[in-house]
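Two complexes are shown next, each including chain A; its partner changes from chain B in the first to chain C in the second.
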Partner chain A sequence: MRWRVCLLVALVFLGGSGVRAAPNPQAVGRRAFVSNEFGGDITIIDTQSDQIVGRLVVGPPGIARPRGLALSPDGRTVYVAVTDPWPKRKSEWEFYMAVDVASGRIIGKYPCGSDPERLTITPDGRRMYCSNEDEANVTAVDLRTNRILATIPTGIEPEGVGVSPDGRWVYVTSETSHTVTVVDTRTNEATKHILVGTRPRVVVFAPDGKRAYVSAEIGGTLSIIDPSRHEVTKTITLGADAKPVGIAVSPDSKRVYVVGGRCNCVFVVDAQADRVIAQVKERMGRRPWGVAVTPDGRKIYTANGRSDDVTVIDAARMSVIRSIKAGRGAHSIQIRPQGDGN
Partner chain B sequence: MKCVWLIVVVTASLVMPARSFGAPPARWGEDELRWARNVEKSKGKVQWLLGILQVGSAVRSELARPLMSLFEAFGGSLRRRDPALADDLLLTLENLVRSAEKGDGLVREAQRALLLLDRALERLIPPPLRTDARFRATVVGLLLLDAADEYEEWLKEGEAGDYGEGWGNLQRARVYWQALLPIVRTRSRKAFDEIQTALATFERFFGSSLPPSREQAPSGDELGEAAEDAVSALGEALGGSLIQRLSPQQHVGVAIGYLERARSAYRAGDRHLAVEYVFAAYVDHYAEDRVSEPLKAVAPELEKRTTALLRQVRARMRTGAPVPEVDGLLAQVLAALRDAQTRLRTR
Partner chain C sequence: MGCGERITRRELLSRLLAYGVGASLWRLMPAWAAPEEGVQVGYLAQVDDLRARPRDPASSEVAAFGGLIGARAAAEEMTATARLLGRRFALLAVSAPTPEAATHQAKRLVDRGVRILLGGFDFETARAVAEFAQRARILFFNVGTPDGRLRNEACSRYAFHVEASDAQYIDAIADWFIRGLAFLVDEDAPEGVRIIRRRPTRAWFLVTHDAPIWQARRRRMQVALEQRHWGGRIAGDVTVRGGVAFDEVFRAIRAARPDLVLLLLPPARQLDFYRAYDRSGLAFEVTGFPEPVTQTRAFFRALLLAAPRVARGAVRTVLWEPTYKAHGSLELSNRLLTRWGHPMDGPVWASWFAVKSVWELVLRSGTLDPDRLVEALEKGAVTFDGHKGIALTFRPWDHQLRQPLAMSRLVGLSQDPMELAEAIGTFPNVLAPGRDPNQVLDQLGDRPGETRCRWR
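Our next item is the complex of A and B:
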């Protein structure tokens, strides 16, 4: 098995001065993790000070390609989908990786299918689902044993994976079929394919579980799905040249933030009125792909693939506060839930 | 990421008509664009065959044969305008395929094909349109999107011809871009730089006419992004979106329109034009992610039936089947597509 091959993965935590530093346990709850797909590493940011507090080396830049990120519900473990840039090469760089947040120690690397791109963890922390773009399926993994439980067919080129807050449903977007596949986590079977906008990328459930949101990169839309019926209830047009990808929902489920890769902007959607109420553009980084909100809902962070940085936005004022240098090809960002286990 | 692009180009915007090259504002429809796109793709393909010969590689007949299928994409309309030219071009393409089989005379036939394809373009595309900046920019965008697509297809299936088509598209896009370059640079330096960067990315992926080892080939993500960047930048420089992407349901609507045109043409005795319309319906508005793949997800049986019917009608038209038989098949495929239109409805 490829994943068994010994991997030259190093773990380095760097302080602001570039000196190796142990992570501060008090600061663990405030961390944001940014995957850098071309840099082969993960940037760790303290979301209170907005300073870089560490860097996790996944593998050689340009070879190891970390993309999708997910945090365990207790915030103790970050999971990273890793692949390489050569789809047809047999490679050791094709696995998901579990990292202990407090120590920065790599817990392990495990298989989850071919070309893993994005992943999600169920709310009970027991299972992970990761999309396998090349194979048109999603893999369900038991995180206690790291064994594959099921491989579930999806549409063509699956990418975004989201789990409902009650853990019952997993939604998987498929770029070429323009669909969202509904997976019943009780049976690990696909129960329905929902047609959404053209080339759907990311799917995110609102924390209250009443809605799921799907971005469509080429369609330039945000689809709203009612998870109780698995039906699209509304589609919001963001613009054909916006190229929306990443989505984050505020903790109170009232606002949805969608990053536009082409417009270099963040659309702020009022989830009660279902309309765009603002567009943050000034001082934004280039080509934002990923977006996350702090647990208190006060700050929004975008991972910007072309400017290799993270933009920090004040959610109340809807304006950029600062930018933080990340690694090459910032792709995804996850913010750890605050106040729980170290 | 494999990306098959959903493309239909609408009538040129009148918001900012391009007056480049001294031409008056031009209007066009999808027909003109699919002719230009497919003639240019054919030229790119022929250039690729010459390209691989130049680097000492053999041209197998299966690499040349897709030219016959591409001819169907515009052959019927060309025949209506210039039957002699259509016959000449068809014969030359057949000779080219035969030359590839024999391993002799390919350069001569290829050069003649390029000459005739140029003439075909002149016959199909009226002069003001041929020099219209927005029209040319749209063709560049389509060729680059197709090239990115072909790269992904090659990576997935390993067919050298797919890589070759992408390589050829890039050569043709470059020619069009050279003529656009001054106007884009004048209008938007940012867009100009972005397009140049995108083309440089394409050059990296298509550095040689011969495909590299697939094991050494990077994923096409970057290429797809570069194509999208170029399309957006061209639109920004020339006054608005050039290419409109349709939803699967909208594609079905356009496909139905083409099939109705095919029925009329076939009834009127114009088999070549009917085949051309079925080509447009199937290749441009049904295959892969346009309709087939989403339909397969939501209604697999319907997709299977519709795909089989479309292939059958195309095959029967090619052989000149009787009108009632083709009429019957078309009635079935149209009913299936109307069903698909309902099944592909989204809110």
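Our next item is the complex of A and C:
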């Protein structure tokens, strides 16, 4: 069967299992989007009710692999990195796409390099930066014209991409070089390369823009970078058995949440004291890889790749509230920055 | 061209020549004395010719040539990384096919400012370079000799071993075959893992070469079966001399009816055995001790050609299997294949990892002082990523790299070297939560109380 890029919004009716029948899928209020790497789809969760309200089918399971996610600043568009399971083979499943959340339509499809994995959207919504793992660079794409603006060299095996809240800086992690490349978005040039922990994966800026955080999967650390100087100011040890990957920062920038893929846990870091104040372990899903915080800061969601679910954590009590069945290989999660609809 | 179908000879030659030019230019460079200036690494390539791919699939030169490719691949990446950080990194590869040549070349390299040496694809060469390194007070990384003596009675304070030890390989073989069930992380499998089922190996038949090193490996195998990996027993145990036919051995195997025949034989004799065994009609499963050359696609191809009936489906222990998919390993393997036209097999990985680790060691520790580097490695102050899914460190008691090992299953003859075999497992399980990585990895190899190493 020849598969094409198809995108459907599917209602999920799960009556009798404690999950309510989905409301109107067109209603796009408080939503979390979870990419399911092996399921070929995206699960949509209403973060008020914690019910699944829809599913975006990206492509055939096992072939189309949606991984990295980013939301437009207005929350109306979700951007998805799609790749295939064959790093050596060219296929139709290697692109970044933009999906209109309300209609479920593809509204853009963008080139980048090979093996798309992670991306970020600038705060003005005009540009996408995506890492090209095989080619040791990051691509800047103009989202209006679908034109590549620049290809910027990074370290070896670039992965995580983060943009500062003011849109001035893009940071790119490189897994083999253990570096973060600083890209000046005004010139689209790399201005500096910062040494961080071993095998850095994800980089996230705090909403107040005063810090960036980098997880190091093999080093088991969280590096704190001062964006005004582009220097590591502190490294927090999470543990050699942690395998930290996903990072989320609370809306007030006071808490940092880091998921550990091997410890099956969430580290809660006090951003003022720069220390781990709690570790959420009980009832956690397996291999949490992605993490996001609701706009009000009250709930934390983790995408769990081995248990194919999403864990919901009460941020105040720092304990698990519930688990939500997602799709196969939950990878990344994004929550709409705005609380209400369009 | 064996494993090099993906690039032409001309392309390979031009790449290697380009590195030859680079090496010549390097000779004009001044020595760098401080880590902030950079680090120069010497690679003692145990090949006669740095440009010609060896042809004998059972020759250690095949492994050494692969190692050279791995070293150059890492040097290219680390040079680029160093440049990003305002530093310098240089690798000089020289031909050193004998212990005498290796010692001579090592001295020349040190005279030119090299601070760290890599190499060693047989015991005599690795020991000679380790002894030189001890005298010169510089670090030596053994990338191609599993020989247990280097980690025991012939250990050296300045020598570290990236190549897995005899004991690590033997423990991995024992555990894998006795277990009979394995979970392979495979992101493309429906559940994210593949369950590999096989009949547990209980009755082992050992076929051992009469040289002392192979007898030492036989004794370590007995320890593994009798004291560490319970459930296996030795159903047969024969020693064979070099060049002698295997007819008597086959009769003994037929009588013992083992679950597995383990060949503790040199690579060329393993090939001889497979060839004769294929014709004998015997059907008991066979595997062999994984000397580095036996982990190459060239050797796998030779096995499949020599013994099409027996070799197909055979399981071999390796340091690295290029079809393994987890932890970013497939991306690494494909990067090397695309750039160098060579599969990332065990010997390639060992040298790639060693060169990368040397750069990271100097970068992270901020020193070129050999004693401080030794201290940093022994204390685990610097941990390394080998794309094996877990932090890797060196053991303080014998300077052996802690690392998971992999299992390859021979699939069948193919023009594509990647299709000759497939990954079917790794050991230990690095994903099990709640345990310190060192504790997990120390399931393989000799423990502190078992080592005979006494630092001089």
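The rule is short, and it goes like this: the second predicted complex is superposed on the first by the 312 of 342 C-alpha atoms of A that agree within 3 Å, B and C clash if a C-alpha of one lies under 4 Å from a C-alpha of the other, contacts with A are read in each partner's own complex, and residues count from 1 in each chain.
We adopt the following convention: contacts are C-beta pairs under 8 Å (C-beta built on N, C-alpha and C of every residue); 3 or more make two chains touch, one makes a residue touch a chain.
What you see is a predicted model, and the numbers here were worked out from it, not measured in a lab.
> Taking chain A as the common reference for superposition, should the pair chain B and chain C be classed as clashing or as fitting?
Overlaying the two complexes on chain A (C-alpha atoms) leaves chain C and chain B clashing.
> Would you sort A:193 into first (chain B), second (chain C), both or neither based on which partner it touches?
In the superposed model, A:193 contacts both chain B and chain C.
> For A:103, select first, second, both or neither according to whether it touches chain B, chain C, the two together, or no partner.
neither
> Report for A:232: first if it touches chain B alone, second if chain C alone, otherwise both or neither.
first
> Return first, second, both or neither, reflecting whether A:151 touches chain B, chain C, both chains, or no partner chain.
A:151: touches no partner chain.
> Pick one for A:262: touches chain B only (first), chain C only (second), both, or neither.
So A:262 meets both chain B and chain C here.
> Touching A:329, do we find chain B (first), chain C (second), both, or neither?
Once the two structures are laid over each other on A, A:329 reaches chain C alone.
> After lining up the shared chain so the two structures overlap, which partner does A:219 touch, if you call chain B first and chain C second: first, second, both or neither?
both
> Looking at A:136, would you say it contacts chain B, chain C, both, or neither? Reply first, second, both or neither.
second
> Please write out, lowest number first, the residues of chain A touched by both chain B and chain C across the two complexes.
After superposing on chain A, chain A residues 85, 87-88, 133, 155-157, 175-179, 181, 193, 195, 198-199, 218-219, 240-241, 262 contact both chain B and chain C.
> In the complex, go through chain A and note every residue touching chain B.
85-90, 133, 155-157, 174-179, 181, 193, 195-199, 218-219, 223, 231-235, 240-241, 243, 262
> Using the touch definition up top, name the residues of chain A that touch chain C in the complex.
Checking each residue of chain A against chain C gives 37-38, 62, 85, 87-88, 115, 133-134, 136, 155-157, 175-179, 181, 193, 195, 198-199, 217-220, 240-241, 262-264, 287, 305-306, 328-329.
> Which of the residues in chain C come into contact with chain A in the complex?
77, 80-81, 84-85, 187-188, 190, 192, 328, 330-332, 334-335, 337-338, 356, 360, 363, 383-385, 390-391, 431, 433-438
> Going by the contact rule set out above, which residues of chain B touch chain A in the complex?
Touch residues, chain B against chain A: 1-4, 6, 155, 214-219, 228-229, 232, 235, 241, 244-245, 247-248, 288-289, 293-294, 296-298, 344, 346-347.
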